[in-house]
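Labels A, B, C and D are assigned to the chains in the order they are written; within every chain, residues are numbered from 1.
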Amino acid sequence: MDWQYFWELFFGGLTRGSIYALIALGYTMVYGIIELINFAHGEVYMLGAFTALIVAGALGIYGFPALAILIIAAVVAVIYCAAYGLTLEKIAYKPLRDAQRLSPLISAIGMSIFLQNYVILAQTSDFMPFPNLVPQPEFLEPIAHIMGASEVLIIVTSAVAMAALTLFIKYTRMGKAMRATAQNRKMAMLLGIDADKVISLTFVIGSSLAAVGGVLIASHVGQVNFAIGFIAGIKAFTAAVLGGIGSIPGAMLGGLVLGWCESFATGYISSDYEDALAFALLVLILIFRPSGILGKAKTQKV
Amino acid sequence: MRKGWFKVLVAGLAVAVMACPAFAADTIKFGVAGAHSGDLASYGLPSANAAKLVAKMVNAKGGVLGKQVEVIPQDDQCKPELATNAATKLVSDGAVVVLGHICSGATKAALPIYKEANIVLMSPSATNPALTQSGDYPNFFRTIASDDQQARLGVDFTIDKLGKKKIAVLHDKGDYGKGYAEYAKQFIEEGGKGTVVLFEGVTPGAVDYSAVVQKIRNSGAEAVMFGGYHPEASKIVQQLRKKRMDLPFVSDDGVKDDTFIKVAGKDAEGVYASSSRDVSSLPLYKEAIEAHVKEFGAEPGAFYKEAYAASLALLNAIEKAGSTDSAKIMNALRTEFVETSVGKIKFDKRGDAEGVGFSMYQVKNGKYVELK
Amino acid sequence: MSATTGNAATPVNSASGTAAVLDVRSISMNFGGLRALNEVDLQVRLGEIVALIGPNGAGKTTFFNCITGIYVPTEGTVHVTPRDGRTVTVNGLKASQVTELGMSRTFQNIRLFPTMSVLENVMIGRHCRTRAGILGALLRDSRTRAEEQRIVEESYALLKSVNLHQHYKDQARNLPYGAQRRLEIARALATDPFLLCLDEPAAGMNPQETHELKELVIEIRERHQLSVLLIEHDMSMVMSLSDRIYVMEYGSKIAEGTPEEVSKNPRVIKAYLGEESHA
Amino acid sequence: MQGLKKSILVSLWFMFLTFPLMVIRIDSLNGTIDWRWENMLGMGAGSFVLSFVWRFMMARKEAGRAAAAGGVMSARGAWFERLRSDPKAAVPALAVILAVFLVLPWLVSTYQTNIMISALLYVMLGLGLNIVVGLSGQLVLGYVAFYAVGAYSYAILNSNFGLGFWSVLPIGGAMAALFGILLGFPVLRLRGDYLAIVTLGFGEIIRLVLENWSDFSQGPSGIANIDRPGLFGTQLSVSDATTYIYYLILAAVIVTIVAVTRLKNSRIGRAWQALREDEIACQAMGIDITTTKLTAFALGACWAGFAGVIFAAKTTFINPASFTFLESAMVLAMVVLGGMGSVIGVSVGALVLILLPEYLRAFSEYRMLIFGATMVLMMVFRPQGLVSPGRTKYNVPDAEGAGAAAARPAAGGNA
C-alpha cells in the first residue's frame, strides 16, 4: 500500500467533500423546514460565484489588494445571494405552499433553468477566468503538493459553517423557531412563530452559505460559467441525502463520504464512471437507508 | 376551430415561402449547413459568412458555369436530429454542393441523406477520422485534417522533440477528446518508443480534479497529453501547477484557443497545443480576412479559413467539371489542385485534403506561438 | 355483493353461538422503544357489532392499522375467517391483501381520493373484485366493457344505499363532511367485506347525523350480512349500537363485555368514563 | 395608491438585485468596465409593470379559487367543456384536426414535415410520461433514459445484427419496459421528491454508461447509419421516407392517444389515479400498489421505448448527447404545461413547446429563459395546466338519466 498516495487522495477527497458540504448545508436546511428540494440552490451558488467575479474584476481594475478583494467580493456575494434566495422563495415557492407536492419541485426546476439563462443573457455563456484570491502563505509551501491555501480555507470554512449552524439552531431563539417550524408548521404558527419569517430566514442562511461556497470554490477552480451550479447542486443534494436530509452534521458527513468515494474511486479505479458512481451511491442509500446516515426515520401517520 | 385554421394558414404560408426559391432564376445552389444558432453558433456562423463572401466574389466575376451562385444556409445547432432536417431541406431545395456540417456528430447524421441524393458535402471542421477513413462516404470531403493526424503529431512531438517516454493520456469523455486520446494511445503503443502510463477520462464540469492530478503524479508520467476542450484543460493545468507538478502538457486544437490562455493565466505558459498550420502569410488568406473585415466589420471566427477554402474548392470543382454532375465534381476535387486560403490543395481518394496539416504551438508570454 | 343479497339477517344476540370471523391473539406493537400495543386480544363473531373504545392515545387506531396490514404487529397473531370458511393468518400480509380477504376499513381523518368523482371513489373499491387487465383496457373487448358497466352499476347502487347518488358526478372533496364519511363507508362496502372496520365514523357529526349514521350501520349489517368493528368516542352511539365493547387504555385491553357490563366495570369508569359515567 | 407604492418598491428591489449581473460587464483583457445603465432602467420599468400584472393574476387566482369552491365554472371553461363533452361538436372538430394532420405532408415541404415528426415524437413521449406522472403521480425526472433505451436498442440491433425497424419496435418497447420495471422495483418505497431525484440519477447513469462503455454503444461518437423503416422491402428516397415516417409517427400518436385514453378510463387507470391521490387509502381499498406502480412505470417506459426506436430510425444517427436531463425536463414541462393527466392537454403542450420556438426563431436566445419562467408561472397561477383532465362519463342506471344514458355508448370516456 502506497500511503503517500493514499493521503494525497484522502486530502483531495476532503477538499471535494467540503465543497459539497458547503452547498449541501443550504439544501438540507430548506428541506428540513419545508420539505422542498430547492433545485435552484445550485444556481444560487453559481450566482454567488458570478457576483464575486464581477466585483473582483471591478476592484481588480481599481487596484485593490487580493485579500481585500476576497473579503469584499465575498461580502457582496453573500448579500446578493441572500437577496436572490429571498426573492426566489417569494416568487417561486411561497405561492405554492399549499399546492400539491409536485408543484414546488417543478417550479424549482423552472427557476433553475431560468436563472442559468438569465446569466447567459446578462453576462456570457463562455467560461470566465476567476482570479485566485486566496494568497498562498509561505508556511503552506511544504505541503503544497497535497494542499494549497484555497483548499485549507474551504475545509476550514465548511467546518466552521457547520459548527456555527448547529449552535445557532440548538441555542438561539430563531433556531428553536426553525426546529419547531420544521416539526409542525401549523402548530408552530399557533404558538406565535411567524413561519413565513422563519422560512425566509432559512433561505437567506442557505443562500449565504452557497455564496461563500461560490466564492471559495470559484477561486479554487479558477473558472466559472453559467452551468457550474447544476452538477455541483446535484452532488451536494446527493451529499445531503447521504448524510440524512434535514440534519446539519449529516450534510457535512455526507459531503465528506461522497468526496472520499469519488476521490478514492478515481485514484484506485478510474474516473470514467465518477458521476455514475455518485448517483449509484444515492440510489443505494435511498433504497436501503432512506433517512440517510444521520437522519431519523419518519413513520407515516395514518 | 381557430386552431385548425391557424394550421392551414401556417402551412399555406410555409408553402409560399418554400416555393419562392424554386421559381427563382436558374442558379447554382450552394448549401451551407451548420450551427447558426444555439450554444455552438460561434463555430457555425463564420462558415456561412465565408460562403457568402466567396459567392459574392465569384458572382461578381460572372459566376460559375455562367450561372450565379446562390447560398442557402441551414441551421442544425450541431444537433444530429436537426442536422437530418437541415440536410433534407437542402436536398429538397436542390443544392448542388453543400458546405458543412460543422460538428462531427451532426455530419455523421446528415451524410447518409446527401449520399443517397448524390450531393457532394465538404466540411470545414468535422475532424472525426471515421468520416473519411471508413470509406462509407465517397461524397464527403474536408479542408481540415482529421483528429488522428493531430494525435500523430502530438505523440511524435512528445516523444521525439520533448524526449518523454512515460505519457499520461487524458480526455474529457467527449467525442472529439476521446477520439484524440484513443489515437494518441494507439500511436504511442504502436511506435514502441514510449508507454502510456495512464489513460483516463475526466468528467467535464466536476468541481475539482485533484484526484486525477494525484493519479498522474502517482503514475510517474513525464508528460501529459490531453484530448478535449479548453475549460477542462485549463482546470487540469492549473491544478497540476498548484500541486507543483511541472510536466509538459500537450493538447489539441480544442485547447488552442485564446480563452484558454485567458482562463489559465500564468499557468498556461509553456502549454503545447496542436492546430492547423499557420497560413497567415498566404495572399488568399489575407484576402479572405480582409473581405470579412470589410463586409462584417470584425475579425472572423473559428473555421473561417477552412470554410473559405472549401467554398473556393467546391466552386472551382464545379467550374472545372463543367457541370453540376456530382461524379464529375468529385473527380475534379480529386484531380485538380486549387489555390485556397489554407494553401494549394487537392483531395485524396478518401476525401481528406492533401496539403493541409497541423503544427505545434506553445504558449509563450501569453500568446500561442507556432513551433517550427 | 352478489353473495350478500339474501335477507336472512343474523339475529343480533346470537353472536356467541357462531365462530369468530376475526380472532386477534395478544398482539403487541413497538415503535422503537415505545410500546403502543400490549398483548391485546379481540374477537369479532359473525354478524356482531363490536366497539373498541378508550381515551385518546390508547392505541385504538394503531390496533386498526395492525389488523388491516398497514403496520406489521411486533408480536401476536391475527386470524380471519372469510365467508368461504377457511381461516387465514393476516399479520404480515399487505394491506391490499387483507382487504382482498374481506376486511375493509375507513379512516379517522377521512382519506378519500379528493379529485376523483364520488362514483369513481366507490368504483375503486370494486378493484379487488374485478379482473380486467392492461390488455382488456387497451382492446376494450366485450367482456371488459361488460365488467366495467357492472362496476358502474354496483357502485351506483351502493351510492344510492348511502343516499349519495345525486352527487355521483361531483368531486369527492366538494362533498360536505358528513357525506364524505358516508362515501368512505360506501367505498369500503364496495370491496365486499365480511368485516367492516370503522375508525370514528361519527367524529365531527351533529346529533342528527350521528343518529342517521347509526341507522345506516345497522342497515348495512342486515343487508350485507357482515360484522362491524368500530372505534368511536360518541358514547350514546356506542352503547346503543354495539353487541360487545372492548376498552383499551395505554395500549392494553382493560375490559370487555356487553355495553351494560362495561359501563358497570369500575376500572373502565375510573380509566375512561370518569365523570361521564352518568351518561 | 397602495399598489403603486408596492410596485415602486418591487421595481427598486429588482434594480438592486440585478445590478451586478445586468449592469456591470468586465472586460478583463482591456481592464475596463462596461456600465450598462440602460439595462437597469429596463429592469426597473419591466418589474414595475410586471408587479401589477403579478398582483392582478394573484387576485384572479384567489377569486378563481373562491368561485371553484362555490361550484361556479368560468365562462371560458364552459364552452370548452361543452365542445369536449358534446359529441355533436367534438366529432367534427376531431375530424378536422385529423384531416389537417393527414394532408400536412402534401402541403408543406419535407423540412416542415420533419419538424412535425419531431413534434409528434414529443407528443408520444409526453403522453407516455403522462401515464407515470399525470395519472399515477410518480414524479420521474429521468424519463429520457427510457427513450435512450429504445433508441439504442434499435441502433445496436440494427447495426450489429441487421434487424429491421418493425422487428425491433416491439423489442425496443419491451426493453424500455424492462428498464422501467428495473427502476421501479428499488424505488417502490420512495415517494415524491426522493423518487424524483433517484430517477434523475438513474437517467444520468444510463447516459453516462452509454457515453463511457464504448465497446457497447460506441461511446460519445454515437452510432451512425441506422436504417430507416422499410416499406415492404422497398428502398425509399429521403423525401418519401420522411413522408412515410410522418404517417408512421402520426399513426403511432393516434394509437397512443387511444391507448392512453382507454387506460385512463379503465380499472387499471383508476387504480393509478387512486395511487396518485392517496397511497394509503389506495392500499386499504385492496389495490396492490407494487403492481400498480410497476405497471405505470413499465407502460410509461414502454412508450418512451417505442418513441426512441422511431427517433433512431428517423435521424439514422444517435449519440448520448440527445438524452440529457434537459430533455427529460422538456418532456416534463410539456406534461405540466398541457395539464397533468389530460391527454388533449399534453398533446397540445408538446406541440406548443416544440413548434413555437421553431416558428419564433427571433426569440431563440430567450427561448430557454421563457421556458423556465413559464414552468414557474404555470405552477404559481395554473398548476392544473392549460387543459384540466376531462371527466369520464359513466352510464348510470337511473330513472332520470336512463333515456339519455341508453343512447350513449356504454361507459364511454373522453380525454
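The criterion applied here is as follows: contacts are C-beta pairs under 8 Å (C-beta built on N, C-alpha and C of every residue); 3 or more make two chains touch, one makes a residue touch a chain.
Computed from a predicted structure; not experimentally measured.
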Interchain contact steps from chain B to chain C (minimum; 1 if touching): 2
Chain closest to the middle [Cα centroid of all protein chains]: D
Among all chain pairs, the one with the most C-beta contacts: A-D
Reference chain C; chain at largest CA-centroid distance: B
Mean-CA-position distance for chain D and chain A (Å): 31
Approximate Å spacing (C-alpha centroids) for the pair chain A, chain C: 49
Chain centre separation (chain B, chain D; CA means) in Å: 35
Separation of chain A from chain B, taking each centre as the mean of its C-alpha atoms, in whole Å: 39
Chain D, residues touching no fewer than two other chains: 28, 212, 280
Residue numbers of chain B (touch at least two other chains): 173, 201, 262
Where chain C touches two or more other chains at once, by residue number: 70, 107
Complex interface listing, chain C residues touching chain D: 68-70, 94-97, 99-100, 104-105, 107, 111-117, 119-120, 123-125, 127-130, 132-134, 136-138, 140, 144-145, 147-149, 151-153, 156, 165, 168-169, 174, 187-188, 191
Chain D contact footprint on chain A (complex, rising order): 31, 35-37, 47, 50-51, 53-55, 57-58, 61, 76, 80, 83-84, 87, 91-92, 95-96, 99-107, 109-119, 121-123, 129, 230, 234, 237-238, 241, 272-273, 275-276, 279-280, 282-283, 286-287, 290, 300, 302
Chain D-facing residues of chain B, complex: 1, 3-4, 7-8, 10-12, 14-15, 18, 37-38, 79-81, 83-86, 88-89, 91-92, 104-105, 108-109, 111-113, 116-117, 128, 130, 136, 173-175, 178-179, 201, 262
Residue ranges of chain D in contact with chain C within the complex: 69, 71, 259, 262-263, 266-271, 273-274, 277-278, 280-290, 295, 299, 391-392, 394-398, 410-411
Chain A partner contacts - residues on chain B that touch it in the complex: 39, 173, 200-203, 205-208, 210-215, 217-218, 230-231, 234-235, 238, 242-245, 259, 262-265
